[in-house]
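Pasting a structure here, questions to come.
Per-chain residue numbering starts at 1, and chain names A, B, C and D are given in the order in which the chains are listed.
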C-alpha cells in the first residue's frame, strides 16, 4: 500500500515536470506548425541560468523568473529571426538540431561539464511524513507548480482575448489577420511562452534532477514522447500524457527496471499504430 | 544570391584547407595486415606465480635488450590522449586530460630528454567514436602511446585495435574488470583501478570494523555498476553477510525516486552511482528518510567526488566510500598535486586527475629506462612493467602481471574539515590487487562479477 | 535526346581517381574515404525518399542501424559467414523499412516526421537497453570483417576493404541511376510534385511510396552493413536521431534530388567531423553553426544553383 | 438506357464533415456521350461532389457506380483505371517537371509498365510518341521542354485538360476549366472542349454560364448541398427556383 502511494507521488511529481517541459513543445507543433528540436536546450539553458541566479542571490523565485524570462526571450528571437522564415518542416528540424548543438556546447563552455544541482528553497529542503512513509516536500511543491501552471494555461487559452485570438489564428490564419489580429506577433509571443515554460521546468527540475551536459537530448526525447502520445497542439493532451508518462516511467523503473524506456516507448508505439494523431490530437 | 555563393565558397574552402593540412609530413605506419593473432593468451600463463618478478610476456621481448643502446630519435614523442570532452562525462574527461598536461608542464614538456607532443581527441563517450579517434591517433598522427579513456566501453573498443597495432595503451580511468582480466593484453596497462576492488575493500572494512551483517546493494545498470556492487557483495557474503535487496537503476537516471523510495531496512546500503546520478542520489537518500533510519550509505569513491560533493549539501556528511584514492589524502605528493592543479587550472583536482598525473611519472620512468627510445615498443613495455612509484599522490604504486595497478585502497568518509567538506581517508588497505584476498587463479575461475547481477539475494 | 560524352568522361576520370587514391594516401585517409563512400550510399538512399518522393524521414537510421546490428551480431556470436550475414542483415533492414512504412505512410507532413523519428527511437531504446543481445550502450566491439576466402579476398586490410566498398558503391550508383530513370522513378517524382494528381491519373501512390521506402531501407541497410564491418563494431548511436539528422544534412547540404549532391554532402560532413574535431574541442559548436548556415543560406544545397545545368545530364 | 451501364450513376449520396452537411441525398445519372454541366453558388457542394466521384473523399452514405461498377469506397486510382479522368479547380500539375514529362506521366498511367524499375523511361518510345502527339494536337508542341511552373496561367489551365485527356478517359470531370481565364483564353479552351470526341462523357462544373449553357446537353443545379433542379439548359433557365438563387443574374 505504502509502496503504491509513494510511487504514485513520485510519478505525479515527475509527470508535472514533464508537463512544464512538453506544453510549449506541443503548442509550437500544433499551433505554429513548427518542429523544434531545440526545445530540450531551453530546459537546459533555463536550468543553468537559474543556477547562476541562485548562486548570486540565493533566491529561488528570482532563479525561476530570470531563468524563464531570459530563455523566453531567446525563444522569441529564434522564432522571429529564423524559424518564422522557414515553412519547410525539414528545414526547421535541421535548423533546430543546429541550435541543439550550439546551445549545448555554449552551455558546456559557460557552465562547465560538472553536473550541477540547484539548491532548493530552504522551506522545501527536508522530508515530510505522509502516513507511514517519508516523502521530500520539494516534490510536493513541484506537483503544486504543475497544477498552477496548467490552470494558468487553461485560463489563458479559454478565458482571455489572447487565447481566443490564438485559437482563431490557428483555425484560419487569414481570417484572423483580416480581423486585425497581428498573427505573426501573436505566434512569436506564444513560442516565447513555450520556451519560457521549458526553462521554468529546467529550474524546477534542476533542484532535484540535476543539470548536466547532454540533458538537453534526454529531455527532448521525453518531451517528444509526451507530445506524440498527447497529440500535437493539445494542452489537455500534453497534461494527460505528461502525467501518464511520469507514472509509467516511475512504476516501470520501480517494478521492471530492466524495461526502463520501454515502459514509455511501448505505449507511444502502440498509440502511433492505432491513432497517429495522439490521444487528443486533431486529425 | 551572391551572398549564398560566398558562404558556399567559404565552406568549401574551409574544408579544402582542413584536408590539405591533413596528412602531415610523417607518413603514418600503415598496418597493411593487422596481426590478428595478438599474443593475448600469454599473460594468463605467466600468472602462475603472482609474486615472482615480471616475466617476459611479449613474444618479441628477447630483442629488446640491446636496442636502448641505439640512439633514440630526436623527434618529439607523440602521446595521444583519448578522453571525453563533450556530453555527460565532459568534466571528468577534462580533469583527466589536465592531470597529464600538468605533469608535462612541470617537466617543461620533456620526458627523458625528449620533447613531448600531445594530441587530444574527444571520444564523446561513444565506443565507435573512440575507436575512430584511436585509429586517427595511430594512423594519422603516428602517436607512440595512447593514454586516458574515461569510459570502459571506449576502452574495450579501442584497446584491441591499439594492441593489434602494437601501441601502448595506458588506461587512466576506465575500470571494467575485463580490461586487465579476460581481455588482458601485453600492450594494455591500467594505472587507475579495476571496478570490483573498491567494493571489496568497502565490504571487508564494514563487516569487520562496523559489524554490518545485512546490506542492500544499488548499482547503475551497466558493467561498472554490476562490478562495484558485485565486488562488495562477493566479499560481504564470503565473510558471512547477507544481501537482502538488489536494485539496478538505469545509467543516466537523474531521478532516483523510484529506487530510493523502496530501499529496504538493512545495516548498510552499498551504492554505485557516478556523475549526475550520484549528485541527485545522495540528497534523495536523506530526503526519503533512509539516512535517518539510521542506515549508513557507503559507495564507490565517485558518489561524493569533490566535483559534486559541495553541491550535495548536508546530506553528504558521513557518507562513506571505498576506492583507490580520496581527495583529502594526507600525502605530500597529493598536497602538492592539489595545490599545483588549483594554481594552474583554477579548479579542484578530482579523482580523475591523479591517475593521469601519475601516468606522466610512470611513462617518464619507463622512458628513462629505455633512454627515451619509445619507438622500441617491446623494450618500453618491459620497462613500464617494472616501474614502481613509491610516493605517488595515492601512495606506492606498481603494475601486477596483468598490467593492472597495485596500490593502496582507502575507506573514506565525507567530513567537514576547516569549513570545507572533503573525502577523508579513515582506513587504508596497502598494496591491494584486483584479486583482493584471492589468488589470480582462484579469482579468474569465479564467475565474472558482471554476470552476477541479480544472483546475490539468496 | 542529345547525349554528351562529357559526363561519361567525368565519371570514368572520377572512378580512376578513386581507384588510385589508396596508393597515395595513408591508411587513415583511406579509412576516411571508406566512411565517405558508406555515407555516400546512405545519403543516396535517403535522397530516394527525400529528393525523389518528397518524404522527409527522420528515422532513416533505423534500417542502417538494424542491419548493422544484425550483421554484427551474426558475425560475432554465430558465424562469420559473409553471404548469409549480408543477406540476413539486408533482409532485417528492409523488414524494418517495410514495417515503418506501413505505419508512417498513413501520415504526411509534421506527423510523418514525428512518426519516423519516434519509431527509430524505439529501436534505439531497444539497442540501448537489451544488453544481452546488443551490448547496450557499449555496443558490440570486435566484430570481424567478412571473410571472402572462397573468392580469394581478405577484407581485413583497410585497402582491400576500400576496394570492396568502392565496388558496392559503384553498384549502388548504377542501380540508383537505373531506378531514377525508370518509369517507376518518374512516377516517384510525379508523386513528389502532386500526390492528388497522380492518384487522379490512376497511380497507386501508396504502393509506389511503400516500394520506394523499402528500397531506400535496403540501400541504407547495405550502408549499415558496410559500416559495421569497417568499424568492427556497432553501437546504439547508429540508430539515433542524430545519425538520421546527419544524413539529412548531407543530402540537403549537397542538394536534394541530384545525384552528386548527397555524395558531395556526405564527403564534406564526414571530412568535417573527423578533421575539425582534431583541431578544436568546440567542434560541436562548429557543426551546429554549419547546420544553421546551410539552412538559412543554402537551403537548396551546394548544387542547388547548378541544378538547371545538371538537369541535362541527370534526370531530376 | 439501363442505368447500370451508365458511365456515372450516383445514388442518394450524402457527405458531412463533422457537423457540416456538405451534400444531402444527391442522385445523378449520366448517359454515354452526354455533356452535363453542374452549376450553383459557392459552397453548394459542387467540388465536394467531384471529390466523391473521383475518390478523393468517401461518401457518408449512398452509392456511386462507374460504368456499372460499384466504386463507392474504391481508391481514386481504381476509378481512373475504369476510364475516369478529372481536372482540378486549382491547377494541380507537376510544377518542377517539364510539360513533356507531365504528359508522359499521364500517358504512362495507362501502361502496365509503370512499376518497371529496370529500363529507362525513354526506352518506352510509344509513350513519348503519344505525348508528343497530344502536345501537337493541343498546341503545346513548342513548350515541351518548358518547366511547368514557368508556363503562363492560361497554358497551365490548358495542360490541366490535356493531362486528363492523355488518360484516354471515357468519363471526364472538368472542374471549372475556364476559371480565371481571360475571354480570349476562355474561347480557346471552350473550342478545345467542343472538339472532344462524342464517345467521351463529360461532367463539368462551370461558373461561366455562357460556357455552361453552350457546352451542356443538360444542366444540374446544386444549392446548399442538394440538387435543386435538373434539365435541359432551357428548362433550367426557366425554373423559378433557379432564378430566385441567381436573383438578378442573367440566366
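As a working rule, a residue touches a chain if its C-beta (ideal position, glycine included) is under 8 Å from a C-beta of that chain, and two chains touch if they have at least 3 such contacts.
Source: prediction; values computed, not measured.
Asker: Can you tell me the least number of steps between subunit C and subunit D, where a step is a move to a chain it touches?
Answerer: 1
Asker: Give the identifier of the chain nearest to the protein's overall CA centre, each chain being represented by its own CA mean.
Answerer: Looking at where each chain's C-alpha mean falls, the closest to the middle is C.
Asker: Greatest Cα-centroid separation from subunit C: which chain?
Answerer: Chain D.
Asker: Roughly how far is subunit B from subunit C, centre to centre by C-alpha average, rounded to an integer in Å?
Answerer: 37
Asker: Between subunit B and subunit D, tell me the centre distance in angstrom, where each centre is the average of that chain's C-alpha atoms.
Answerer: Centre-to-centre distance between subunit B and subunit D: 75 Å.
Asker: Centroid from C-alpha atoms only, then distance subunit A to subunit C, rounded to Å. What do you get?
Answerer: For subunit A versus subunit C, the centre distance works out to 33 Å.
Asker: Give me the residue numbers in subunit A that touch at least two other chains, ranges are fine.
Answerer: 105, 258, 260-261
Asker: If a residue has to touch 2 or more other chains to count, which residues of subunit B qualify?
Answerer: 85-86, 250
Asker: Among all residues of subunit D, which ones touch two or more of the remaining chains?
Answerer: none
Asker: If each chain is a dot and touching chains are joined, what shape do you get: line, ring, star, complete or other?
Answerer: Its topology fits none of the listed shapes; call it other.
Asker: Considering every pair of chains, which are in touch?
Answerer: After working through each pair, the chains in contact turn out to be A-B, A-C, B-C, C-D.
Asker: Please name which positions on subunit B make contact with subunit A in the complex.
Answerer: Against subunit A, the touching part of subunit B is residues 85-94, 221, 247-250, 252-255, 257-259, 261-262, 275-276, 279-280, 283-284, 286-289, 307-308, 311-313.
Asker: Quick one: in the complex, what on subunit D touches subunit C?
Answerer: Counting only subunit D, the residues touching subunit C are 54-56, 75-77, 80-81, 85-86, 88, 92-97, 101, 104-106, 108-111, 113-122, 124, 163-164, 167.
Asker: Can you list the subunit C residues touching subunit D in their complex?
Answerer: Residue list for subunit C touching subunit D: 1, 178-179, 181-187, 189-190, 193-194, 196-205, 207-208, 211, 315.
Asker: Could you pull out which subunit A residues touch subunit C in their complex?
Answerer: Residues 29, 33, 35, 82, 85-86, 88-91, 93-95, 97-106, 109, 217, 221, 224-225, 227-228, 232, 258-262, 265-266, 268-269, 272-273, 276-277 of subunit A touch subunit C in their complex.
Asker: Which residues of subunit C touch subunit A once you look at their complex with the stated criterion?
Answerer: Interface residues on subunit C, with respect to subunit A: 50, 56, 58, 103, 106-107, 109-111, 113-115, 117-119, 121-122, 125-126, 128-129, 241-242, 245, 248-249, 252, 282, 284-285, 287-292, 294-296, 299.
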